[in-house]
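Common to both upcoming complexes is chain A, partnered first by chain B, then by chain C.
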Partner chain A sequence: MKAYFSILKLRFAVQLQYRAAAAAGLFTQFFFGFVRVMVFHAFYLFNTTIQPMSLEQTVTYTWLGQMVFRTLPLGGDSEVLGLIRSGNFAYELCRPLNLYFFWYCRLISKVAVSLILNGLPLLFIVCFLPQSYGLIAPSTASSVVSFSVSLVGALLLGCAVANIISISTLWTLSGDGVQRLLPALVMIFSGNIVPLAFFPEWAQPALRYLPFSGLMDIPFRLYLGTLPPAQVFTLLTLQLTCAGVFIGLGLWLLSSATKRAVVQGG
Partner chain B sequence: MNAIKLYFKYINLHVRGQLQYRASFLILNIGNLLVTFIDFIGIWVLFSRFGSLRDWNLWEIGLFYGMINSGYAISEAFGRGFDLFAYQVNTGEFDRTLLRPRTTVLQVLTHDFQLTRLGRLMQGLIILIWASINLGIHWSTFKILLLLFAVFGGVMLFTGLIVLQATMCFWSTQSLEIINSFTYGGIETAQWPLAIYNRWFVKFFIFIIPLACVNYFPVIAILGKNDVLNSPVWFQWVSPLVGVLFLFLSIRVWEFGVKHYRSTGS
Partner chain C sequence: MPQILVEDLRKTFKVNRRQSGFFNSLKAFAHRQTTTVNALNGISFNLEEGELVGYIGPNGAGKSTTIKIMSGILTPDSGKCEVMGRIPWRQRIEHVRRIGVVFGQRTQLWWDVPVGDSFDLLKDIYKIPFQQYQKTKNELVESLGLQKLVETPVRQLSLGQKMRCELAASLLHQPQILFLDEPTIGLDAVSKLAVRDFIKKINRERGVTVILTTHDMDDIEALCSRIMLIGKGKILLDGTIEQIRNRISPERIMTIDFVRTPPSIAFPGVNSVRGEDGRLELHFNPSVISATDLINRITANNEIKDFIIENLPIEETIARMYDEFKI
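Here is the complex of A and B:
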């Protein structure tokens, strides 16, 4: 356990060095968020039908989505992917650690840092936007607590999915099928493109039980208060169960891949 | 003329090389097709709830969406060499380019060609055709020419952005992500009619990065709509020329950058 904590601490320090990249990312996230907010404003302007979310709630959801965007599992760990492609993966096998959890810890540090370097500054900037363009405050103190708890669940789940993407590279060197498809599913079914509440009613039950809603939609609904704070433990159990399934799958894929791994020399 | 002949010879070589791996080529393209399709699901979801966006309907958005994505896909396929330019500077490979008796633009442009981006192009075209069937546009020869001209202008404009991004490598060996956010952010913006945005934001995409000229204005002319931005009709028909101008200016900036190039020496 101690070894894994050191990895977390070390990687955290390393990731904190990439401040320039984080600043550029911050700009991109702000830009995308702002475009989407304006599009929603236009949709709501002449709207006469009742919508599942109010404009202010939708705008808040959009900004929260941009704040956590860099924590979503949209790709594997780029350094690990490099190790696999170059063959330096062989060194990884020599470490007296469980490789899966070593990689998992690296991912956790990465998303934690991106929350600090991207999420927090964006939160700060968004607070200065005029009303109905910025964030609305959470309804109660308990919804803040339940949001934070659920966000931790979301990060643990996200890293488990991201690790699958890394590991899939061991199976096909380019790993393209999984590396393209999984992020696409994450984008749409986490609520990143459109809040899940806007999907047709018939799709709602399926969306709720797909593991991807645990990445964004569940914590955000807790923030907005559309899900009662009391449900947080049930929802956290759901998130952690999904994370457990992905971790189990990852462990299995990794162990069977290392058994048949052929390291290309050179 | 010799340069153009040489260019197509290079492209031909890249295409033949990539077609050697047929299965991987197919999977990649299908993957790309699916991924970009998911974006459009988001737009469809919103229209299924709201019905219309001011006085625009889903098919009209499809026209914007199809055009901008087709243009970007083509420029991404051709401009890939500039996309990878940071690597050439970091490794010092660009020094060799300078020694050859051909223009740098041609050589960098032909450094790579990505056939796999055609998935995105296919998707853009499918949406474009699907939208224009549903809109019942009367396609006169002039309108078809304007459509092709606008997509061509889009290719020029995006290529110009890629060239500008590569030019930044002359001053900072880390390619700046800022331009990237204008490319991707620009696509996101231009998928929707510009008239829905705040005016200062629209001005940016007319006068600084003239995406409106290769997308919004031509579409207005094709649909025969009244422009709330009050652009003259003749301008709507010639506006894609601005995209060509943008590329021309970008290449001038590039040439200025080449003069100031200092090798990393590695």
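Here is the complex of A and C:
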């Protein structure tokens, strides 16, 4: 356990070395968030029908999305991909650790670091924005609790997906294909581009049961308190089950990959 | 029971093949051609605790494959391999706790943080108790001269500095066996000597078993009490340097500087190669004519300035060995 914590610490130290990158990331997140917020403002200004979410809720949803953007599984762990391509992967197998959780923990730490270095400062900034441009407070105390639980669930799920992408590189060596395809799916179906509530009625059941909704949509709706209380427990269970399934799949893939792994050259 | 036991180990790889050229790439796109390469073709040997063994052979002979199997990275196709009573690839986690590995062409240090941070991470990964870690680390830092390097990010280290850090990193958890795959590759003379001295030291003082692959024959000569030669996936020779020398060629070389023009020498068992400036190089077989005999017979009639007797250079012995086994 200590080893995993130590990886977290080291990764944090690594990220801290790159101050410019952290600042640039923060600025990008803020800029695109602001563009989206303006788009929604224009949309609501000329809106004539009743929308599934209010403007304030949509803006809040957007900012939350920008805060956790870096935690989305848009590709494998670049560090692990590098290890596989360079063959330094050989050393990974020389460590007395379960390789899956070793990698999983690297992802978790990457995500945690990005939440601290990007998410928190952004939260601080948007708190100062004028009303209807910034964040609204969570509806109730219980929505804070369920949001926190499902945010952790979202991180676990996201890292499980990203880890599968890392592992798939053991077969494909480049991982470029998956790395291009996946972001499109994740960004659309997690609710990152447009909140899932705005999708047509007929698509809702499918969207809800796709694993991607667990990455953003479920936690954010819990934050806003727009879900019927009866569904909260079901959706949390669904999200955590998804994470469990992806972890299981990853464990299985990695164990079959290491049996046939070849460390090429030298 | 030996510390490492290898019996009839076999491993094959599939290699994709195609001829160069655009048309051939199209053909290969439709139909892949692969050939099977027998990297290991029935390898057997035993190693006892505290041995320092050189594992040599030309490129592609199967050295690294054997090391990777013994360190639990690769799974062989068939055969037996037990290291300290464990099967490396089945009991990988328990196994790797007790071994250290250095791959000369790879790195285990975290690229963008100081070396010390990588060491600290390894401490937690191997669950090394704090006191023991401090002690081991200080010893390693001392004997490898890493005092200043520990605080430097890995990306700013030279190759020689990095290799010394790699060695330290692989020994922090006090392994009983150390696998070194080309530890001196690309190093300058000073770094090579430092690495060699260190390997010798940990083998003597801590009794760590060392298995070393290298193409640098001076490494072998300076370090190894035992040599295993592998070629085409088989162990071809296994013995001490002396045994291997005698097996390949017992020849010695005597270089003599004469005061005047060197005479022509025609003794049985002696081959002379004329050098420049009154120097003569004699290749002789000590079982036919002894060195004292030879020098006595020459000095009886000639005045000489100096002479040296050497073994055939190790490089040459090995080259002849590769030649003899056609590998």
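Please note the rule applied: the second predicted complex is superposed on the first by the 239 of 266 C-alpha atoms of A that agree within 3 Å, B and C clash if a C-alpha of one lies under 4 Å from a C-alpha of the other, contacts with A are read in each partner's own complex, and residues count from 1 in each chain.
To be clear about the criterion, contacts are C-beta pairs under 8 Å (C-beta built on N, C-alpha and C of every residue); 3 or more make two chains touch, one makes a residue touch a chain.
Being a predicted model, the structure only gives us computed values, none of them experimental.
Once chain A of one complex is fitted onto chain A of the other, the partner contacts of A:Val35 are limited to chain B, with no touch recorded for chain C.
Contact with neither chain B nor chain C is seen for A:Leu120 once the two complexes are overlaid on the shared chain. Contacts of A:Leu97 after superposition on the shared chain: chain C is touched, whereas chain B is not. Touch criterion met: A:Phe5 reaches chain C, while chain B stays clear of it. Legend: residue contacts after superposition of the two complexes on their common chain; A:Val194 is shown touching chain B, with no touch to chain C. Contact with neither chain B nor chain C is seen for A:Ala206 once the two complexes are overlaid on the shared chain. Touching more residues of chain A than its counterpart among chain B and chain C is B.
Legend: residue contacts after superposition of the two complexes on their common chain; A:Asn88 is shown touching chain C, with no touch to chain B. In the superposition on chain A, A:Gln51 makes contact with chain B only, not with chain C. The part of chain C that touches chain A in the complex is made up of residues 13, 64, 68, 71-75, 92-94, 96-97, 99, 101, 103-108, 110, 112-113, 117-118, 120-121, 123-127, 181-182. Against chain C, in their complex, chain A makes its touches with residues 2-3, 5-7, 10, 13-14, 17, 86-88, 90-91, 93-98, 259-263, 265-266.
Partner chain B is touched in their complex by these residues of chain A: 20-21, 24-25, 27-28, 31-32, 35-36, 38-39, 42-43, 45-47, 49, 51-52, 174, 176-177, 180-181, 183-185, 187-188, 193-194, 198-200.
Put simply, chain B touches chain A in their complex at residues 24, 27-28, 31-32, 34-35, 38-39, 41-42, 45-46, 48-54, 174, 176-178, 180-182, 184-185, 188-189, 192, 196-198, 201.
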